[in-house]
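To start, the structure itself, in structure tokens.
Going in written order, the chains are labelled A, B, C and D, and every chain counts its residues from 1.
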Amino acid sequence: MAAAERPTRSDYAAWDEATLRWADVDVYGHVNNARYFELIDTAVNVFLARESGVDIRRLPAIGVVAEVGCRYFREVEYPGSVKLGIRVERLGNSSIIYRVGIFPAADDERPADEAAAEGRFVHVYVDNTDPARPSVPIPAQIRGAVQQLVTR
Amino acid sequence: MAAAERPTRSDYAAWDEATLRWADVDVYGHVNNARYFELIDTAVNVFLARESGVDIRRLPAIGVVAEVGCRYFREVEYPGSVKLGIRVERLGNSSIIYRVGIFPAADDERPADEAAAEGRFVHVYVDNTDPARPSVPIPAQIRGAVQQLVTR
Amino acid sequence: MAAAERPTRSDYAAWDEATLRWADVDVYGHVNNARYFELIDTAVNVFLARESGVDIRRLPAIGVVAEVGCRYFREVEYPGSVKLGIRVERLGNSSIIYRVGIFPAADDERPADEAAAEGRFVHVYVDNTDPARPSVPIPAQIRGAVQQLVTR
Amino acid sequence: MAAAERPTRSDYAAWDEATLRWADVDVYGHVNNARYFELIDTAVNVFLARESGVDIRRLPAIGVVAEVGCRYFREVEYPGSVKLGIRVERLGNSSIIYRVGIFPAADDERPADEAAAEGRFVHVYVDNTDPARPSVPIPAQIRGAVQQLVTR
């Protein structure tokens, strides 16, 4: 992975924080790769819960995860907490691609300059009232909330 | 469970905080019972890491969990964070019994008056350099750290 | 813990099996204590799903966990799978106390003679259609299913 | 995602099986996206543990996850188990790219024809005895084991 690809603090539009857990750590003392995805989808869902003004779990259209990935640049240290930067890479008609940067906290409590990892998270909205679950336009409350995360 | 048994904020000697995760929540919208134990053992291990002044994972004597339990009084709400109160119920020769109260955060950021749940966590120290893992006295650094959590 | 307390294979009335995961293992190479509770509540819920003949998640009365605990006698080995023995300690009017024994698989694929751990799991049935969630009698389909687990 | 991209049973070189857990399921009744990665890295690590003939956790060179991702085609059903197909997309000098297909079990206990999800898992071998963790050649035992997974 080229160093140039490693995201920095200024790449993100909104921030959250999460605490790490003893159970996150594997036999090598590293946070297990699967656990990063718990942080990534929480960053997205907490943002939507806070900014949309609705209980997103009760909307007829729900976001299902079509694809997700994470690149790991450097380990994060347990015990401690991490800063989660969030931005939208692409806001489509029925899908949203988020980027979530995972940063150690710097001494001044701001995120460190460079991300320790970055997740890419693809939500597709589907009609949860129809068992065939066809894709549908992104609900207006969600679209309004994520607009501010589009960084270019 | 009699109301009298439900622990309150003043029962605990030290505090920590933890953020909840989307993946903590089950199909009923409740934090899954197993996930509380991730908060409970993190509260104990973070306290020991911070107060003992040593990397407890590198000590020859390690604390293994002999028994653990949790009583659930009221749900905690995702998204959000919880306050974790900790105290020591019994400090033995080779074992320590902790109590960890899980509290929602009140409006003023203090823990609520009454615990939403309480965990009971029993650590027994064993010699990690001996495959038979005999129990051993609690290391001095650990004993020194937990002394302040003995509440009676 | 006295050796006499350690449960044996003949103590259980029904069996299930679960595979362990890399992420279950902590920095000491042990299955993390919280992860046992994922096995314990799966054993109860899978039994109920299979034997009740209904989707228990859709019943108006749902089982909420009031209390749960686990005693650990010996480690289970990752990688591998475990056998889960289940029995009912007490079948009340609105609550059920389960015991779930966690056994390594013996060479002949039967569970080993002695449990590596035992969980105690207390379900209380509540009316999920009422926000106050009052306790209610155990649904007939559930009671019918668990009757066979009452051992004595 | 084009239908053509969806992997099928014949794409994989080795198989494993994993049981699902109640705690895997989120508020929508779906297996949480992060939990697939627990299945994916277990498939890789169990294969290596079984086929390499060594305790891979004790080797001086360890595989760290540089990148991982998953595409979700269809939900898997809890309760139940899944079949995990594994193959190697690229066997490099110090890195291995695995593909892990997650399949529901068909009626005849074989995996279904089409994958419900596919993970892509990138291991880079590093010298675990050097704090700088430089990348190193894949250990011979690991290379020997994964050779059979190279599918083209």
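Everything below uses one rule, namely that contacts are C-beta pairs under 8 Å (C-beta built on N, C-alpha and C of every residue); 3 or more make two chains touch, one makes a residue touch a chain.
Given the structure is predicted, the values throughout are model-derived calculations rather than measurements.
The interface with the greater count of contacting C-beta pairs, when B-D is set against C-D, is C-D. Taking each chain's centre as the mean of its CA atoms, B is the chain most distant from subunit D.
Once the centre of each chain is set as its mean CA position, subunit B and subunit D turn out to be 34 Å apart. Computed from the mean C-alpha positions, the centre of subunit A lies at a distance of 23 Å from the centre of subunit D.
With centres taken as mean Cα positions, subunit D sits 28 Å from subunit C.
Residues of subunit D found to touch two or more other chains are 22-23, 27-29, 32, 34-35, 38, 41, 57. Chain contacts here are complete: no pair of chains fails to touch. Residues of subunit B that touch subunit A in their complex: 17-23, 29, 38-39, 41-42, 45-46, 49-50, 57, 79, 81. The part of subunit C that touches subunit A in the complex is made up of residues 22-23, 25-29, 32, 34-35. Against subunit C, in their complex, subunit B makes its touches with residues 1, 27-28, 30, 32-35, 37-38, 40-41, 57, 62, 64-72, 120, 128.
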